[in-house]
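Both complexes shown next keep chain A, but they swap its partner, so chain B is in the first and chain C is in the second.
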Partner chain A sequence: MMNKPFDYFAPKSISEAVSLLKKHGSGAKLIAGGQSLVPLMNLGLAAPRQIIDLTHIKKDSLSYVKLDKDSLMIGSMTTHSAVENSPQIRRHCRILSETAMTIADVQVRNRGTIGGSVCHADPAGDYLAPLVAVDAEFRAINPKRKVRTISADKFFVDIFTTALKRDELLTEIRVPKRPSTRNGSAYVKHKYVEGGFAIVGAAAVVSVNKDGICDRAKVVLSGVSTRPVRVDMIEKEFRGENLDERAIEEAGRIVREAVHDPLSDIHASADYRREMAVVFAKRALRLALARSRKTGAQHN
Partner chain B sequence: MSRVMVRVRVNGAWKEAEVDTRTLLVDLLREEFMLTGTHIGCLTGNCGACTVMMDDLSVKSCTVLAAQANGADVLTIEGLAPKDSGTSNLHPIQQAFIQHHGLQCGFCTPGMILSAYQLLMRNPKPTEEEIRVSIAGNLCRCTGYQNILKAISAASERTLQQSGKRALRR
Partner chain C sequence: MSAVQVAVTRKQLVGTSQKRMEDPKFVSGSGRYIDDIKLPGMLYAAFVRSPHAHARVLKIDASKALKQPGVKAVLTNDELKGIKNMPTVEDEPETVATPRPVLASKEVNYAGEAVALLLAESKYAAEDALELVEVEYEPLDPVHDLEAAMKAESAKVHDYAPSNLSYHFVYENGDVEGAFRQADEVVKVDLVNQRIHPLPLEPRGVIASYDSGNDLLTIWLSTQDPHGMRNSIADVLNVPAAKVRLIAPDVGGGFGCKGSMYPEDVAVSYASMHVGRPVKWVESRRENLLTTIHGRGQKQHAELAVRRDGRILGLKIKIVSDAGAYTTGLNVEIPKLTYKMGTGVYDIGAYMAEIFSIFTNEVPQEAYRGAGRPEAAYLIERSMNIVARKLRLDPVKIRQVNFIAKDKFPFRTPSGYTYDSGDYHGNLQKALEVSSYERLKAEQREARELGRLVGIGLVTWVEVCGFAPGFGQTAAITVTKTGDVIITAGGHPHGQGHATPLAQIVADELGVDLSKITVVHGDTSMLPWSSVTAGSRSAPLTGSAVLLSARKVRDKMSKIAAHKLGLKDAKLAFEGGKIFPNGDGGKGLTFEKVADLAYDGEKIPPGMEPTLFEYTAFSPANYTFPFGTHIAMVEVEKETGVVKILKYFATDDCGKLINPMVVEGQVHGGVVQGIGQAMIEEIVYDDNGQLLTSTLADYVIPSAESLVEIVWNRTETPTYANPLGVKGIGEAGTIAATPVIVNAVEDALSPYDVTVERMPLRSDYVRSLIKGSG
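After this line comes the complex of A and B, so read on.
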């Protein structure tokens, strides 16, 4: 059994959950799917004094997928399995379903949540790069019921650190809708073992105009640094260009420059990570581009 | 508040216990309810030996606090076949594991079988690739997996020949 005892709370509503967070201060932790937190507690690497459980809050208040005119809205307690299988997400933000499929295994996907994943902010977490690449926004609520919106780019601050304040709870992730034609995206992951975390995860989002010229090309990487790496030069260099194989090779060179201080660990050295970042960024770009050219199909 | 009352439906019957808040679902099953068919290999969510069904979803019960399972419907390996009914009444997936030598030491087997159960409930006619994906979260140190794949594929064919999903449901 875990060493340190804790108090357990099962709030029935979001406002009750944030009030408990405020009341108990820094020793308290929310628990969502528990797929990161419980193993850490079992290992003695986390020892919260209070656990505030989000699983008994009315299910559809944090676990949902909705659409409005401009965006796709995903409740923070939506599981990886639900993201993988949601027809709306598949249709309007395919890259997220594709990403969810690469996470861990069936059992972990059945319980782990998108909100827990981004709040945990493991640099090798798979959602980080694609959410930055699709310009997602994160909505958080505090005990005064004030809602704050944070862009994905600002949300991920450092290793296991987000822009959330101690008494804030993430409620929703919003992704702007894009037309299904001439937009393509892809997430490709390099892992060291089936079900393992990413050594490199590369997300690419591409838009082309009707002549096939690039309007937008974004590449963001998970797993290579303490926070997602946005390869801004690619966006600048390729607008108005024809994205041919030569351009993709050039993108690879830009990625190599952008990954200046890669992580190094038991699974991959810094140099190997940088090389794999180049290889997987190019693969993601090629795939996103191919999808953007399948006009009319729901391939973004 | 470091103790909590937990009420779960286990293999069809409601059970309750007052436990330390640190109790994991796997501890609740093994130590309070004496259902030791659910195994513990790692306690980090990696090995899958502790896999059970919770509200129709397979989960690793070492990553779930018992309190999180409050109110849930749990199915363990003991719930797949009627008690003391001998091998003739085993679940079709269990029979297929025996027939195709899908187990050796048996440590991973309850978890493997529940992962197969989750797969066949969702997808009664999986491809080999889909079977591989379905047991990616279950480690086996004995069999080399090939016979497990054969067993799951045979269970799928057998149940389809018989009465489809109804033959699987417990």
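After this line comes the complex of A and C, so read on.
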């Protein structure tokens, strides 16, 4: 099967891109790295009538990593490789670099973008869990140049479905900065094959006070459900707790309860996914905790 | 014969590792595959394929497609005038023949089966117009599950056949009943050898170009068997083979699946004759997974009559083989090979086998690297481990107790083969040494004490290759007037690296440098005949045909040189590009000089024909039976069921070696494919016969990241079956690696006392075994 014929546009600016989106309506599709859209088109699962290519927009208007007082700002066209290797991201949101590293292979990472990945909203997309875990915000712009901010939690609606409107373009992902001490995070991924998608991806974010007592502990899972599974219970349960092995076992039990209706495919059954959600949630928590306790080190 | 004798005195290249001559071209992207070939005026074909696994074809309407710009023609089977059906079995009363038109005309029997060919000016135009060909289908019940297909109430794939049984054979050798009566115990084993895909990197492809002036059809085909395909395509097209020339350019992998003729090959050839223009078709990856043959696909059962000391007195096996939608020649033969190699390296006197071959609405199954022998090795080698565990014997011990002893070769097996040569004890001993087996066991004990699930797997494999007495291989050698050497080799490489070992053989015989030698192959106009590259035939058969041709050339050149030098009774040496009497310190004549003389009828001995061209069709004295021992160490992560391979040792015996580096490369590639079957590969159809693994995201294969170092060693037990003493090594890895990994995992899981019945060893499945719900 081959692609259906389509018109191709290469806008030079963001506003030109969103005007095109508006003009062509539901048949139009933005293309970033093409690493999800093109496979879908080749399989006949997507047949856009207009393709609007974002790669000709002036580079630093969508592909960048910036810092201000409170946040880390990542342009939507930043590639997985850039996320993996950016010193600012490594310093201020290590979990995202760690996540980028686990995606596919070098070729895909050199083309695929963080924005494309989240807009595609594949339940097994690796960024989904960590972005929810670090309370990221998504900024979108519409043809009227109106900017809307959506929390990661609200952004991922369902399988391949986000809160973006049809004429909106994702411009930026913002992650709140956190002190580099006594914060730890980790992303651990259970792949079905090297370079493959996640059966389960678990993101954990932990903060401890100076006595090692937990202020905050959160686990979010990719791959197990139609949208990221955010395990809120952990946040409630563990605030003020000393996170020892017993508490981590308890976290596992909470995760098991939180996973409803896990996905099932030829690589992993629903039961196995639920079980692995527990295993990898605990691994992520342990790792995040260990990192949070390495005081002074930049391990968040 | 003349009194002139020759002797090779210099250092031999045969037996040494030489870098492959063809690699610079492949690694620099200068190979020339089907899709690299473009002919003037070429049209592009695309195929309308059935979306149903099983359906009646009621109507095909191409009128809309034909109105599309660039579309030249749409051909259905009705328009393929005067051609025959695809081959099936003939005159085999025990087997159901399945008449199969080139393009499905009345019924489709698997999802993806071609029903029409569309021709257009560009590939895009062809693909775009495909969906405008309207085909009306009446869906029928698909047959999918092997067990269900065997039941009387099952839907049938072919309504003209009495059932879904393609054939049923029973073989019995020796006193099977007696053996089972004497047994201390009978061990029963049930295994599934799953359907997998050969998956060459280059998919299938064909270009046909008909020259009406000369009434000559030239076909470029990505194939393992140029002459065989020339003959088959000519036969189905009903044209004389003399009017068809077939050329195989570089072939990017075959692994068995390019040893057969496919409907597309015939349809594209017909189309070119029909429109009088060249026509090209290259398979997409999706078509490749959907329509290129699959392999393995057997349900296996074994019963072993065992004595308490581990001696196997008798073996009964039952194989239920998934034929797929049609009876092809090969899907009849391959399960029989499983039967024939079923007793492996063991001296088992009483042997019974029952084979059922079952039709399903899936792609026909044929040869995948090893073709029948990996399935045999899997069944017997898994069974030996299961018996060893039952009897609390070490896997080494049970093998030693049952091996065919060294002094029993040539050894006649109960299934009728004569194993040429073997030293199974010696090879196993070497494998134990190079793997430090005792140390591995100590490491395993330590790991177990720490609660880790570490396992060791062992397999002692044997296979049959070098097919076959009466079915040989050809080669010719030309020495040009300028003294260049051309080897025209039968068969056709699809990655193996034929050129270098063949050149090594000739370099030794003729005393010339490798750089003087050119190897060509893959064009039916070059040789009167050649046969398929498969079954590890090329070293034993093509190699021998090359050797014998080289000897003929040397003999003739000796006589010419002796004539020129005025010698009557001399031993001539061929060395360093010179031909000279032994002991004259290399004076004599240059190789070029003698070549030049050979083309002048007045300068050669009276009665001799001028020119230097020698041809040999070599038919071996016997099959060859290479063997070996593979040992793997794995670790299973208890919490997740993830299997990690820690160590891998392959110790193989393929007789004499021509080029150890090429041999080792063959083992590496084979082991990786074998690990693929054990760990991750599986063709999955749903209950409606729809292929779920139709992309490489779902049909996953091993990559470098998931592998370990393969430590390769060898023993050398020559064969008498050919003058080189070589046995063939193309399939060893795929045969040994699959059971060795599964044996190792089963050993790792021994605290849970489970049997691994299925593959691949997805973490999900392994975890279910640990939990006891598998």
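Here are some notes:
As a convention for this text, the second predicted complex is superposed on the first by the 298 of 300 C-alpha atoms of A that agree within 3 Å, B and C clash if a C-alpha of one lies under 4 Å from a C-alpha of the other, contacts with A are read in each partner's own complex, and residues count from 1 in each chain.
The rule is simple: a contact is a pair of C-beta atoms (placed from the backbone, for glycine too) under 8 Å apart; a residue touches a chain by one contact, two chains touch by 3 or more.
Given the structure is predicted, the values throughout are model-derived calculations rather than measurements.
In the superposition on chain A, contact of A:D7 is made with chain B only, not with chain C.
When the two complexes are overlaid on their common chain A, residue A:H267 makes contact with chain C while staying clear of chain B. When the two complexes are overlaid on their common chain A, residue A:I213 makes contact with neither chain B nor chain C.
In the superposition on chain A, A:V147 makes contact with neither chain B nor chain C. For chain A, the partner that touches more of its residues is B, with chain B and chain C as the two candidates. Of the two partner chains placed by superposition, only chain B is touched by A:I51; chain C is not. With both structures placed on the common chain, the touch criterion links A:Y192 to chain C but leaves chain B unconnected.
By the touch criterion defined above, A:L43 lies against chain B and chain C together after alignment on the C-alpha atoms of chain A. In the superposed model, A:V157 makes contact with neither chain B nor chain C.
Contacts of chain A with chain B, set against its contacts with chain C after fitting on chain A, overlap at residues 1-2, 5, 39, 43, 194-195.
Listing the residues of chain A that touch chain C in their complex gives 1-2, 4-5, 39, 43, 190, 192-197, 199, 266-269, 272, 275-276, 279. Per the touch definition, chain A reaches chain B in the complex via residues 1-2, 5-10, 31, 34-35, 38-39, 41-43, 51, 53, 55-56, 81, 104-108, 110-111, 194-195.
Residues of chain C that touch chain A in their complex: 123-124, 127-128, 130, 284, 286, 639-640, 642, 680, 682, 684, 692-693, 695, 697-698, 700, 703, 705-706, 762-764, 767-768. Within the complex formed with chain A, the residues of chain B that make contact are 1-2, 4, 20-24, 27, 43-45, 48, 51, 57-60, 62-65, 67-68, 70-71, 115, 118-119, 133-134, 136-138.
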